[in-house]
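The same chain A turns up in both complexes below, where it pairs with chain B and then with chain C.
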Partner chain A sequence: MSASSSQALEYLELLPGSVHKKLYDQPSTALAIFRCMLPHLAKTIVMAMLYMTGPFPANDLDAWFRSDAKREKDKAISVLERLHIIMLRQETSNQISYQLTKRFAQSLRQALTGGGTHRSFGVPSNQPDAKRVDKAFLDEYARKQWENILFYMVGSTVGLADSNALGRDVGEGTKALLKAGDFVRIAHGRVHITRTGFEFVLQEVNAQVWSLLIVYLKHASQLNMSETDVLSFLFMLGSLELGQDYTTTTLSPTQLQMLEDLSAFGIVYRSSKEASTFYPTRLATTLTSDSVSLSTSEPITNSLSSAGHRAGKGYIIIETNYRLYAYTSSLLQIAVLSLFTKLTTRFPNLVSGKLTKESITRAVRLGISSSQILSYLSAHAHPQMQKNSPVLPPTVMDQIRLWEYEGERVETHNGFLMKDFGSESEFRELLEYAESLGVLVWKNEEKRVFFVDRVEQISLYLNNKKRTQDR
Partner chain B sequence: MNAIDGTDRHIKTDEAPPPSLLAIVLDTNPHAWAHLSSTLPLSSAIANLLVFINAHLASGNANEVAVIASHTHRAAWLYPIPQSTTLPTSQNGTSNGDMETNGAPTEPSVPENPNKYRPFAIIEKAILSNFAKLLDTTKESDLASTPTTLVGGALSLALSYIAKSTLLHSPVDPLATDNPLSALADSETMHAQRTPLTSRVLVISVSGDLANQYIPVMNAIFAAQRRRIPIDILKLAGDTVLLQQACDATGGIYMKPERPEGLLQYLMMGFLPDATARRSLVMPSAGGVDFRAACFCHRKVVDIGYVCSVCLSIFCTPNLPDNLCLTCGSYLSLAQAQTATPAVIPRQRKKKKKRVGGTDSATPGGSTPAGSGTPVHT
Partner chain C sequence: MVKAVKGVLVKCDASIKAMLVDIDNRHHNEFIIEDLGEEHVLVKESKIAELKQRLQDTMKERLKEPESSDSEA
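On to the complex of A and B.
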C-alpha cells in the first residue's frame, strides 16, 4: 500500500456499507480494492478465507498469528471490517468467528478464476481503428494534459508567466474542480495556490491523480452521477491494458459523461468527442498499481513523472552544504523547485541553487510543510543519490525540519478525548486496545485520559464489553 | 523539538512490502500423477495452481511468478517462456540475457476477454499452452526409461532465474543497465540489502524416490541457503528425505496434506504468505526431519555411511574399486580402517565371529557385506 492508494483507502472507508456492497458486485472492483487498498496482512487473511468452506473462528485466527504480531493483525482486521469485507459472527456465547462478505468473496473468486459474464474488465473494440495511436503518443498526451493542470496551479505563484496565458490549455470543468477541491483560489483574477494545492503539487503523479479523482468523486453527486458508478468505472480503468482501444458502447450514461471529464485530465484519450472507442493512458492503467511497480517494471513511465524527458526518474542532487543541482529544463519542475529553493543559475539542462533558511521559511509560510519538501526531494533524487541510505543527507533533512519547527510549535489533531474511567484497570485495558489499533494520539496516565483520532471501533469494543458484562 | 531526532530521519520508509518472486517447480511426473488421478487429477491440480498464481499476483502489484515443470527426462519452462520479447509482463529487460538464446519468438495472441484481468489471462494462456506442448513432446520411451523426475535440474533453473531477476531489480543507475556486466559488478559492491526483490521457491512434488539426484539437489539447497531463498515443499504423494531437508535448511515450509483434493486451500493458507507476511504468522514446519544422506555410489539412503576424508563424498560400502574414492580419486584404505574397529570388540568375548571376520579382512571384499551391514543395529 503506497501513499497514493492510502488516500483512496481513507475515502473508501468513509463510504457507507450499502455503497461497499454495490461496489463489490463488480469483480474488477473487488480485485482492484484487494490489490491496492488492503494492507499486506489483510490480503493474506482474505486469501486464506476465500476458499474456506465455513467461517473462520477467531481463536484459530489468533493462533495463526504470532503473539508479537497482534497489533498488525488487529490493524488488518479493522481495515477489513471498515471496508465491510469481513463480518463478525457470534456463533455461541463465547465463540466469535469471521466470515467474508458473500458478494465480495464471490466477486473476488470470479476475478481470480476469470469466470462469469460480468464484462467488468473493459470490452475491447473489435473494429480496427483507422486512427490508431501508439503508446508513446498516449504517454505524451497524458503528460501534456497533466502538466498543464499543474502549471496552471503553480505558475502564477512563482510568477513565471502571466496568469491569463497559463489557463489556456486547461478546461473550464477542470478549473472548477480545482477550485472546488480548494487546490486554488481565484482572487482579483489571479490564480492563487492554496495549502492543499501545494500538497497536491508535491505528491507523486499517481497520488496526484487520486487526489483529483477523489475531489471529482465528492462532487459527482452534484452532477447527478452515482458514486458507485463512478468508482467502479475508475477501478475498471485501472485494470485496462495500455495501447488497447476499448469500446464505449457498453458504458452507462454516467460513465460516458465521465469519459469526457477524464480525457480533459489526460487519464483517457479519445480521438474526438463522438468517437466510439477510448484509450486509457498510463495515468489510468497505473491507478490501481502503486508507484513501486511504476519505477521497477517499466522505465518508460518515469518520463511521466513530471516532465523529465530523460529516461531516469530523479534529477535532483543535494549536497551536505545545502547546494542543490537539478538536471532539468522543464519550466514546471523549476517552478516547483523555486517554491522552496533559492535558485541562482540556470544552464540549458541544469539549474542550481541553495536551500536557505529564508527560502524554506518562505515556503513554510506559503503552507508547505517540511515533510512535503523532503518527500519531494527524495522522490525525485538523482539515481546517484538513490544509492545512499538515507537518500538525502541527514544534516539537510534535520535542518529543514528545524527551520520549520522554529515557526510552528503547536500541532492539531481532530479526534476524541476519552476520560472519566471507573478504575485503573479499565483505563489500562482500553488504552492498550487503542494503542494496538494505532489510533492513540496522546495519553496522560495520572489523569486517566487519552486522546484518539478515531472512535468507531473503540465504541464498538466498549459496547461489546458492556453486553458481555450485562449477561 | 523532540520530533527532530535521528530516529525519524527515514521519512519515506517504504510501507509497502517488497515485490516477491515466486518460482514454482511443478513435478509433472506422469507415473505419479496417474497414481493420484482418483483423488486429484492433474488437470484440476493445474486449475488450482492457476488460481493460486493469480492470488499471488494480486497480493502485490509488482509480484512476479515463474513456473517450471520438472518432467521425467527434462526440466522445462512453463512461464515465462525463454524469450524475453514474447511476453510483455516478463521482466527480462536486458538486451542480452541468457534467456533469449533459442528459438524464434512466437507471439502468443491472448484473446481479449472482458471477463478476465488481462495479466492473469496472459500467464494462464502461456502456462497451459506450454504445458500442452511439453506433454505432446513426451514420448513413451521417455516414460519407460525412468520412473522419477528431474527435480534437481528444475531447482537449478528456478534458482538461476531468481538470481537474474534479483540483479535486474537491484537499484542501479539506468545508464548502466544497457551493460549487464556493470550491473553485475555493481551488485557486488552495493550489497544484497538494497535489492527490493524477495524470492522463494515452491516445489509441488508427487514423486518419491529422488535419492538418485542427491548431489544436484543438495547443491541447489546449499545455493538457496546462501542466497536466503526459502524452498517450500508441498508433498502430495511419495516421501523423500531430500525435500524435507531442503525446506529445513532454507527455512521453508513443508507440508504433506492428508487430503490432496483440498490442494487449493493448502496453497492459499500455507504457501501464499510471502516473506513479509511470514514474519507475523505461525507457519507449519517439517517437524521431525529425516537428515539421512544418500550414498554417492548407489544413490541409496543410508543410515551409516563411509565418508571420504578428502572430498567428503558418502559411500554405502567401504569396498571401493581399487580403494579409490569415486569422486575425487584419492586413495582410501577403508578396508584397513575397518579392521581396526573389530579389534576392540574381542574383550566382550561374546562376539567371536567378528574377530574372525576382522582377521579375514586382509583380503579386501571378503567381509565387507557384513561390515557394511550396520553393526550398530545388532
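On to the complex of A and C.
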C-alpha cells in the first residue's frame, strides 16, 4: 500500500456500509480496492477466502497465524471489516466465523477471471479518431494542467506574479474546489496558500491527485452528483490504458459531468467538450497502481513534477553553510523553494539563496513541517549530492529541526481519551486491543488512561463484549 | 464504566505545560479538559488554535529572542 493511497483509504473507511455495498457492484472498483488499498496480509486473507463456499470459522483462521503475528492479523482483519469486505458472523455463543461480503467476492471473481458484460473497465472507442493523440502529448497536457493548478496556489503567495495572471489558466470550478478544500484562501483579491495547501504542494504527484479528488468527492453531493458514481468512475479510470481512447456513450450523466472537471485537472483529455471519446492521462492510469510498480516502470513523479528536468534528475545543492543552489528555470520550483528559502539571485538556469532562521520559521508558521522541507530537499537533491550519505549535510538538517522546534513547542493529536476503567485487567485488555489496531497514541498506566486517534472499532469491541457478558 | 472523551492531546515540555495551565487559569478554564501529568494535557478541540496562539503571544512576551544574525547574505 503506498503512502498516496493511504489517504484515499482513510476516506473510504469513513463511508457507510451501504455506499461500500453499492461500490462493490462494479468489478473494477472491487479490483482497484483490492489492488491498492489493502495491506498485503489482508490481500492474502481475501485471496484465500475468495472461492470458499461457506463461512470460515475464526479459529481456523487463527491457526494460520503464528502467535506472535496476532497484531498484524488483527490489523488486516480490522481494515477488511471497516471496508465491509468481510463480515463477522456469530454462529453459536462461543464460535464466530468470517465471510467475504457476497457482492465484493462476486465482483472480484469477475474482475480476475473475466466474463459478463459489466463494462466497468471502460469501453474502447471503435471508431478511428481523426485527431488521435499520442502518449507524449497526453503527458505534456497532464503536466501543464497540473502545474498550472500548483502554480496558481504557490505563485501569488510568494509574490512571483499577481493572481489574476496566474488564474487565467485554471478553471473556475478548480479554483472553487481549491477554496472549498481549504488549500487556498482569498483575501484582498490575492490568493493565499494555507497549511493544508502547503502539505498538498509538497506531496508527490500521485498523492496530490488523490487529495484533490477527495475534496472533489466530499463536494460531489452539493453538485447533485452521487458519491458512489463518482468513486466508481475514479476506480474505473485507474484501470484504463494510457494512449487508448474510450467512448463516452456508456457513461452516466454524473460521469459525463465529471469528465469535464477531470479534464480541467489534466486527469483526462478530450479534444473538445462535445467529443464522443476521452483519453486518460498518466495521472488517471496511475491512480490505483501500487507505488512499487510506479517507481520501477514509469516514474510519474519525476516526469511531471520537475519540468525541464526529466528522468528524475535532482537540481538542488545545499552546502554546509546553509547556502542553496538550484539548477532550475521552472517558476513552479522556484516558487516552492522560496516558501522556505531566502532566494537572492536568479540566473537563466540557476537560482541561489540561503536557508535562514527567518525563512524556516516563516514556513513553519505557515504550516510546513521541517520533515516536509527536508524530504523535499533530499528528494530533489542534485545527483552529486545524492552520492553523499546522508544526502543533506547533517548540520543543516539538525538546524532546520531546531528552528522548527523553537517555533512550535507543542505536539497535538486529535482523538479520544479513554478513562474510568473499572479494573486493571479491563484497562490492560482494552489497551492491548487498541495497540493491536494501531490506534494508540499515548498511555499512562498509573492513571489508567490512554489516548487513541479513532474510536469506532473500540466502541464496537466494547459493545460486543457487553453483549456477550449480558447473555 | 469506560468513557471516551473527545479532544486534542497536547504533548509538550513541563515548562510549556506550566504556561498552558496558567493561560487556562486566566481564562476561566475554557481550554483544558483534563490535566494528564507532567507533559500531557487534554484540550477542547474547538479551542486548540486559540490556545496555541495565546501560547505564542505569552512566549514572545516572556522570552527575549537574541537578534538574528542573518544580515550577511
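Please note the rule applied: the second predicted complex is superposed on the first by the 414 of 471 C-alpha atoms of A that agree within 3 Å, B and C clash if a C-alpha of one lies under 4 Å from a C-alpha of the other, contacts with A are read in each partner's own complex, and residues count from 1 in each chain.
As a convention for this text, a residue touches a chain if its C-beta (ideal position, glycine included) is under 8 Å from a C-beta of that chain, and two chains touch if they have at least 3 such contacts.
All values derive from a computational prediction rather than experimental measurement.
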Original post:
Of the partners chain B and chain C, which touch A:421 in the superposed model: first, second, both, neither?
Top reply: second
Original post:
If you stack the two complexes on chain A, which partner ends up touching A:48: first (chain B), second (chain C), both, or neither?
Top reply: first
Original post:
Is A:136 contacted by the first partner chain B, the second partner chain C, both or neither?
Top reply: neither
Original post:
If you stack the two complexes on chain A, which partner ends up touching A:460: first (chain B), second (chain C), both, or neither?
Top reply: neither
Subject >> First (chain B), second (chain C), both or neither touched by A:394 >> reply: first
Subject >> Touched partner set for A:176, first chain B, second chain C, both or neither >> reply: neither
Subject >> Residue contacts on chain A - larger count, chain B or chain C >> reply: B
Subject >> Residues of chain A that touch chain B when the two form their complex >> reply: 1-3, 27-28, 31, 34-36, 40-41, 43-44, 47-48, 50-52, 63-66, 68-69, 72-73, 110-124, 239-241, 244, 288-290, 292-293, 296-297, 299, 311-313, 371, 374-375, 378-379, 383-384, 386-387, 389-391, 394, 397-398, 401-402, 405
Subject >> chain C-touching residues of chain A, taken from the complex the two chains share >> reply: 342, 344, 354, 356-358, 409-422, 426, 430, 441-442, 444, 447, 449, 451, 455, 458-459, 462
Original post:
If you look only at chain C, which of its residues touch chain A in the complex?
Top reply: 1-13, 16, 20, 33-34, 36-37, 40, 42-43, 45, 48, 52, 55, 59, 68, 70, 73
**OP:** Could you pull out which chain B residues touch chain A in their complex?
**Re:** 1, 3-4, 6, 9-12, 14-17, 19, 51, 54-55, 58-62, 91, 93, 112-118, 120-121, 124, 169, 171-175, 190, 194, 196, 264-265, 268-269, 272-273, 276-277, 279-282
